[in-house]
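Below: a set of structures, written as structure tokens.
Paired with chain B in one complex and with chain C in the other, chain A is shared by the two complexes that follow.
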Partner chain A sequence: MKILTSNILQISPSEVIDRIPDSYNNFVIPFVIGITFIILYLSIGLIRIIYHLEKEERITLLKSLFKPKIIIKNIKDIFNDCLIHTKIWKRKPLLGYMHSSIAFGWFLLIVLGHIEVALFVPKHLSISEGSLFYPIFYRFFVWVNPEHVTLRGYFFFFLMDFVLLYILSGVALAMFKRVRSLALGMRHTTKPSLADRFALYSLWAIFPLRLLAESFTADLSGGSFLTIPMNYIFHNFFGNSLNFMPTWWLYSTCLGIFFLAMPFSRYMHILTEPLLIVFRNAGLKVTKPRVGFAEAEIYACSSCGLCIDACPMNVKKKNLKFSSVYFIRFLRRHNTKKINAIANKCLLCGKCFALCPVGIDSPSIRVAQRKTNHNKYEYNYNQINYSSIPKQSKTLYFAGCMTQLTPVILNSLENIFKQAGEDYTILDKDEVICCGRPLMLSGREEAAKELINKNKKIIQESGCNKLILSCPICYKIFKEEYHLKNIEVLHYSQYINSLLENNIIQVKKEDKKIVYHDPCDLGRGSGIYEEPRNVLKSIGELVKADKEREENICCGGSLGSLTLEQKDRNIITEGAISSLMANHPDTIVTACPLCYKTIRNNSPIDVEDLSEIISRNIIKK
Partner chain B sequence: MIEFGFGISPSSRINLDDFDKEKWNKLVQIEPEILQCISCGSCCASCSGGVFQNVSLRSAILNIRNGKTDSAMELLKGCMLCGKCTMVCPRNINTRNLILSIYKTYSEK
Partner chain C sequence: MKKNVLIIGGGPSGLEAATILKKFNYNVILVERSSILGGHLAKWDRLFPYMEPAKETLDVLLSNIDGITIFKDTEVNSINLLDKSYNVILSNGITILADALLITTGFDLFQAEKKEEYGYGIYEKVITSAELEEYFKTLNNNKIDNPKKIGFVHCVGSRDEKAANRACSKVCCATAVKQACEIKEKYPDADVYCFYMDLRMFGRGYEDLYLKAQKDYAIRFIRGRVSEVSEDINKSLVIKAEDTLSSKPIRVTLDLLVLMSGMRPSSGGEKIKKMLNLMTEDDGFFSTKDSIYSLQHSKLAGLFYAGAATGPKTLPDSLHEARSAAIQIHNYLNN
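Our next item is the complex of A and B:
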């Protein structure tokens, strides 16, 4: 070998020379098999997903690919979410470092490898010259002339070693996480499946093996602070530098195993997440539970298990198997019985969606799954109609079903309306047509649409320009599905906030510590966090809960769940209350009739509704 | 039982031979909480749909037990699944799932 290289050297005295004459060695076979398999699998999968999209969805997708705004967003999101993982960094920095070091580091290794090939041996970028494997095993195939190494060459040697060290630190953390996940901020992690284990252990092995393999060849093909000293040690141990073949074989085999196991394991998310980002930015929504857009979401799930800790059903380490990550795993395996069981159990509080680093909308997939079961039943709403259209007034108040059961909210709001001098009408004082969201959540979309149309018609005809709602469940569907023209839809917390800001009403301060419970549909569902807090700041001292805003725990009363038993709901309520009690408040305040009722039944301290506390403290004119 | 045709209004006799034990067992398996019902009527008293038309979970359960599944289904068709009955039920029955389970069990012919 040495004679061979020196022969070539005499012919062309350049910095980097092909060490192996035809640039091929049998050890690349496992890798080539793996990479070919994954490329084929991905192309077929992509075609499958696009085939199952509706025609309109395909058109919106195609259009989005040409809109510069969306293109920029796509690139930004792919960089942030797939490489740097800003979402994980923000919540759990150590976990963020672990993941981004492996993802971004590996990406850098691949890119830098290709740049090196492009700079030093550009002819190998063509497919006939082995572009599939050459840049990956670059260090094996080349011989670097030590007398002609430029600064540029040293720079790349250093960079490659540095990136490898960066990845290895991440791999070490990942191994440590398997032993003690709590150290990285995760109470529960997912139980890996068989394919996951194959992929996981080969992934762990890839980088140390790369280090070994490159260390063996460091004296021939260059190296830096990591590989050169190791090379020195190896030579003293093994004597002969040609011992390196087994490590290169192992390195290539591990890559091959990883790629072969990938489609059946959690690591499919590496390749599917960019696709999901493009689909999501195009504005596609989940309509069917298993095919089309949902399939992209299912395969983009990284099974990280952050949703296990997030799920309110798991506060007492119960029902771990009902988390989104297992739901998606069963969807992947077409395990219908378990899919339905989990889909019906979920509270649809949306916390897993809010905290998911990939942004998988699993609540929507669950609703889509419920639709396949429950949409077909008959319904009959012929006689459901308001007996009279309300009198013409500027402001319409829709109490909704739940507020009917908590008359204190209705009365308090009436008092506030009167004090504010509002010209108002209550749409549903005696008779109420449900907003349709409970039906929507249980998958009965057709029935829900009928109720929506009934309500919409009468609201449009009433001639109001402001619609006030007291139930976040109603609020969410009014915002999303009603599309009311020229009517401002407000939750009462927003309404009261604007009254206070414009000095239409004044309130007196109480000497009380108040904690605010974010209703799921108001906070995570509709993004209203500030208004109720602003209102409460004018009443008393607002203290923080242990988990609040998007991390808030569902009160347990959610209409989303179909099959959760009362005793399990009580456990969730206890969990929510203990989070609220973290800073020893005097009162719990919420802005949802359902949360109000649920928390009130279990709370050791006073529970009040936002309207109630305002109405009590309003300064009468 | 024989109808002689002399009645002016339709017969309201209960024929327990119509009771479908198999389907009932299936229903109990899906939602066992149906057995906890004491027919107190809180569900109908709070029902949003019941204001407008004849919707009653209480009567529906009784009708099913009496073998009158068709009229039971009629009584539940106007349900809007709003969940008020779940909140007022003194026996903590998961009424929404019960209604969906009744749909599921008895709409299969």
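Our next item is the complex of A and C:
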């Protein structure tokens, strides 16, 4: 083979030639073991996940792989979320820089390495010629002919050094973050497990070792502003370039250890996240808590701990262990007792989901977990009366149990309906029918479905074309599970907003500073942030809360939790109120009967419902 | 020279303690933030379990107040703990150097509008127990218009964690039974319902009152909480509740609903708490030095409590505490 290479050299002098006989050295063994292991592990994992999917889910997944729209979205999302980490950039730029430098930087190193091989020694791209390791250790295997280096070569030398420097700056930040997480905007960070530590320290070592290893060979295989000066220094100190073998061994060993520890550590997210994105974009949802799609979510958790600060239960430090990150960790370890405890405790406010950089829907996993425990209870809804709608009108209003317990909202809305000249019927005027969401939240899916079907029949047969709801808890399930045909489902904040925009009602302004509390199920749960704010702007001066919109803190009253004690709920309520009080408002306004009741019992200032403040200021015709 | 004892709060406990301390020959100063003495007692008509007129008890309390310096319409502006005494500045500008302080700030009624599902402040025919008592006194309340069906809701803002009060308010059960009998006397044709969780008839004569209410007055006791109240077109109230003895949901239409508001720490007490950094328990009422032997002592030397400032109490209990506190203060000042 050597002879062959030199023959080619004589014909056309090449820029880069193989330096090592057979293009192989024993030091690549640890890396090859690691990379083989991880590829096998990932393949088996993928087969497992697909095996556990329902048949329809598998078909949806397969179909999605051929839809151009979804393919483009997959590529875009993988680039944004896995490499650039746009979500973290938006929230905490320094943290975003740290992540993207390592992720995107490493990706670039691998891609550029392969491009170099493809350009200069293309035969090594075949598996029999060492494509598994050759591009990774490219700088070890080649000799660059200094007399023939082209601009193209120099360009790559520079690029590789630049990217390495980019990564190293990220690694330095990561090390600093371990010591002082607050500097990067995190109050609490996760405690690493043993596998995490192995993976973490080998990951930290990989890039400095690569720098050292490539610096040793920079005089043979080329280098740039980083590696050439270091090579010069090394030669003056060690005198003998043979010293470089141990560093290449170390570099390969660290890569090997990292890949071996990966499946048992948080770093599995690097490989699982693209998978999760493809599954999610296909439209898959969590149905089982541990297998199938949920498994992809569980392994995609990067254990970054952003959810620890997000969780409203953590205003007092004692509840840290209830955060999503630990929930997922216990799921990975099959610790059923703790899984159930956390699944039942959670308020399901969805803030961890909203802020998760990977977008792991852990509230759904919790509900799925509840299903495994609570779905078995008996139920009987035969008493629900179908003949209870008194008259038929085009607009149906469903108050729901929480609004029935908050008569001021019901009265205010009725006043607004009258002023707007709306022909309406109250669906649950005499008999309160449950929307099914509390059952759903407690994991009793079958019972909920039965209720939903009964209610759906009543609503569908009423002949209405608009359904108005005042409780966001109801609204979410009506939107997501009822699939009502030809009926527009509206939360009353949307309805009032359209009344104001179309000038059907007019209101007078109050000289008041108003702060708006986003109900979890309305904001994060249904994406309605603007309509209630628009409505309030017509009434008074809207001031900001410390944390609002997707960052808003749950009021503490959520139906989601099955086991959280009132005492702990009160602490959460205090946290939510102090965030609302940040800009010294005169009134707190919310658009959920449950939030209203919860905040009102603890607030130092007036608390009003959106409908109440509108009804009070409506200009009578 | 006579030693100064300052009493904060001119309710029954404050008045009783003041009378006794005066007899012990101290210079007693009593501060009351409102314009009348007697606290909640002054607003009450008759007292359980034997229906004694509240005015008689109040008159006894007020008959011995000569020689006590009383400041009405006066609040405490600041209190400073000196070496062995308290420097108290009042809102009328007077400064008092008190050798001992007695806090008898009592309770405030739970604000029934916070329990919105019962519709107080929203529906016309929903009143509180205090308003009904005032009606018995004055016979003047336009919300009470010859009612045919009347309901009482027990435990409004008591034994209710969502209303931020886990504790029992102790007096509302007996008050409700008493008021149920009284309204039945006024309107003999009316049906009267009591919605209760369990009836705590612990005192002497209370059980007899309860039996009398069932036998002589035909009050209907329904075990179960009211879940919600709404109004129909005739402005009558529709009550939804659960009868937990027959395990059935029930619905009743009423002309009047009376909410038995529980006891909450008084806002006056809250102010004093902040001035001296005093300790309170989870229920918001002041902490006593221990829970059995030193119920009148605080952790501070020379500062004592009596009455409902340390938790819900009946009137006789408060008066006992006032006498006990007077003796403890006497012992403290002579040691």
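Definition applied: the second predicted complex is superposed on the first by the 606 of 621 C-alpha atoms of A that agree within 3 Å, B and C clash if a C-alpha of one lies under 4 Å from a C-alpha of the other, contacts with A are read in each partner's own complex, and residues count from 1 in each chain.
As a convention for this text, a residue touches a chain if its C-beta (ideal position, glycine included) is under 8 Å from a C-beta of that chain, and two chains touch if they have at least 3 such contacts.
Bear in mind that the values here come from a model prediction, so they are computed numbers and not experimental data.
After superposition onto chain A, the modelled positions of chain B and chain C overlap sterically. With both structures placed on the common chain, the touch criterion links A:N602 to chain C but leaves chain B unconnected. Contact with chain B, but none with chain C, is seen for A:C434 once the two complexes are overlaid on the shared chain.
Contacts of A:P407 after superposition: chain C is touched, whereas chain B is not reached. Legend: residue contacts after superposition of the two complexes on their common chain; A:I110 is shown touching neither chain B nor chain C. By the touch criterion defined above, A:Q566 reaches both chain B and chain C. When both complexes are overlaid on chain A, the residue A:L62 reaches neither chain B nor chain C. Using the contact criterion defined above for the overlaid structures, shared-chain residue A:I75 touches neither chain B nor chain C, since it reaches no partner. Looking at the superposition, the partner that touches the larger set of chain A residues, chain B or chain C, turns out to be B. Once the complexes are superposed on chain A, the part of chain C occupying the same space as chain B corresponds, among 115-123, 169-177, 223-231 or 277-285, to 223-231. Across the two superposed structures, the residue set of chain A contacted by chain B and also by chain C is 404-405, 432, 566, 597.
Within the complex, the chain A residues that touch chain C are 404-408, 410-411, 432, 566, 570, 597, 600-602. Taken in their complex, chain A has these residues touching chain B: 344, 373-374, 376-385, 401-402, 404-405, 430-434, 436, 438-439, 442, 444, 447, 451, 557, 559, 562-566, 594, 597.
Taken in their complex, chain C has these residues touching chain A: 114, 116-117, 119, 122-123, 161-164, 166, 227-231, 240. Interface residues of chain B facing chain A in the complex, by the touch rule stated above, are 46, 48-49, 51-53, 73-74, 77-84, 87-88, 92, 94, 96-97, 100, 103-104, 107.
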